[in-house]
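The structure appears right after this line, and notes come after that.
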Amino acid sequence: MELIYVLDILGTFAFAISGALVAFDKKFDLFGVLIIAFVTAVGGGMLRDVLIDAHPINWIGDLNYLYTIFAAVIFTILFKSKIFYLSKTMFLFDTIGISVFTLLGLEKGLSFNLHPIIALIMGMVSAVFGGVLRDVLTNKIPLIFEKEIYASACLAGGIVYLILNECNVADNIIFVISAVVVIAIRVIAVKFHLQLPKIKDDLFTKN
Amino acid sequence: MELIYVLDILGTFAFAISGALVAFDKKFDLFGVLIIAFVTAVGGGMLRDVLIDAHPINWIGDLNYLYTIFAAVIFTILFKSKIFYLSKTMFLFDTIGISVFTLLGLEKGLSFNLHPIIALIMGMVSAVFGGVLRDVLTNKIPLIFEKEIYASACLAGGIVYLILNECNVADNIIFVISAVVVIAIRVIAVKFHLQLPKIKDDLFTKN
Amino acid sequence: MELIYVLDILGTFAFAISGALVAFDKKFDLFGVLIIAFVTAVGGGMLRDVLIDAHPINWIGDLNYLYTIFAAVIFTILFKSKIFYLSKTMFLFDTIGISVFTLLGLEKGLSFNLHPIIALIMGMVSAVFGGVLRDVLTNKIPLIFEKEIYASACLAGGIVYLILNECNVADNIIFVISAVVVIAIRVIAVKFHLQLPKIKDDLFTKN
């Protein structure tokens, strides 16, 4: 599906920019910016492919990911003062990115004959672990562990995908519906500041 | 060996609880707690399997690990205020866990025709690196580098295993004796606050 | 090529010492020192081999790496008060290390029929990621992202290698010339305090 590939590249572009911005913020040099952009954009898929033994792994098998990351870093350097004005566009690309990464990761897992639960996890790893690796390399506690509905959106979209897949719905339709679920949850969560529940600390000491 | 599988699952359960407790303490959301519990419980074996190219890796090849981790997280949420009263039971499960993880990792290494030294390292990786990954993801210096006799207990048990294996002792007996060595060293070390020697800092500047 | 193997081992020795010194500085126990020395010395090649599916990976396939790391840790313990007087020798070994690691990594990538750009990246991963893993495990922002010309030296040497390789220059000559490029850039950079450009922070807020 040509369109999905385009969306995958768009998502890679958005993820790479978000990584590059974090690295600029940390005052990394050019090389550091490239690495963080790279890890953010393809780290999730790379981890997935290593775990399921899918060689060549994502960015080794398709150089377009590398070129996209290069382009994203150059774009960030040139337009970084304007990227804040583009925040809605960036949010859109980013949200498209996580939905496409989730569903492509899930599909790859299924195509490797993994159990649906494992394939679902692989979808989430694809979408989420680029950001985790970025945070580990920049010495922060991964954002996703603390206040993101991000992962839940991926999970919900993945589950919808698996259910529709069981019902033999056509592939394209499954993909579109599941992607809409991911995007909708993400947009609604950000709009209304939804978060996953936290287990209160005082339950520990009292109770 | 049925019993060893049960002990492996018990150890996974204990490791997952210890990971979940760290994540609760860091105020992670539910998703973050699941990931840290997961990484603590199966991270060591996962790293081992990736390094020795043993696919499907541990938790992909056997879903019981995932179910055990889920159960451990639910258990932690329900009984977290009482887990402190269970600290002796937890310590027992945890200690069983490291002994079984070490020896199963070592056996897996040998079954892949690795050099005994490499197999020994794989046993230690299995037992120890779940905790290292947990600490990296929660942005702490891995505990094990600073004050744990943990790894030495695994090392000693692994060496005993290899020696008895050379002497053609029966498999079951080797496993029991080596496990007892790991458990005994761990218990004695904790009881008497033993630590590995540290090279004093002032040796650097003076001397 | 015998000589290159000797240089590879020398580089491993130097990297292991640099890792051990960081770990001593952090007051890790003996086990922690061994792990950090190990990761610094063979972490880059290990990551490369996992990514390109080259099994057995570096230190599993050749025990000499392990023995070298052991020797380096013992050497560091015995002579740590004198290593500072050896700083020029250490710098020489370290610089030889990064040049040899880069070129051997690149060659390994090419021998696996990877695209030259990917092979170039694999050379840099081999030389640089041991240090990145060391910094992640000791809870620091990887040095290389902030102020090192290190990676650029590897990159330049790798590019020279690929160009000469296209021109069908003899293998030995390619290796020597490329290694000299890496070493020269590194030495000049350290001598004249050269750094990669940083994108100024105020470009973000103003401009």
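For reference, chains read A, B and C in written order, and residue numbers begin at 1 within each chain.
Definition applied: contacts are C-beta pairs under 8 Å (C-beta built on N, C-alpha and C of every residue); 3 or more make two chains touch, one makes a residue touch a chain.
For each chain, UniProt lists the protein as follows: A, B, C = Glycine transporter domain-containing protein.
Keep in mind it's a predicted model, so treat the numbers as computed, not measured.
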item: Topology of the chain contact graph, where touching chains are joined (line, ring, star, complete, other); value: complete
item: Interface residue identity across copies chain A, chain B - same or different by half; value: different
item: Centre-of-Cα separation between chain B and chain A, whole angstrom; value: 30
item: Per-residue multi-chain contacts in chain C, two or more chains; value: 50, 53, 136, 139
item: Residue ranges of chain A touching chain C (in the complex, touch as defined); value: 23-33, 35-36, 46, 50, 53, 55-57, 60, 63, 66, 77, 80-81, 136-139
item: Residues of chain C defined as touching chain A within the complex; value: 50-53, 114-115, 117-118, 132, 136, 139-142, 144-148, 151-152, 195-199, 201, 203-204, 206-207
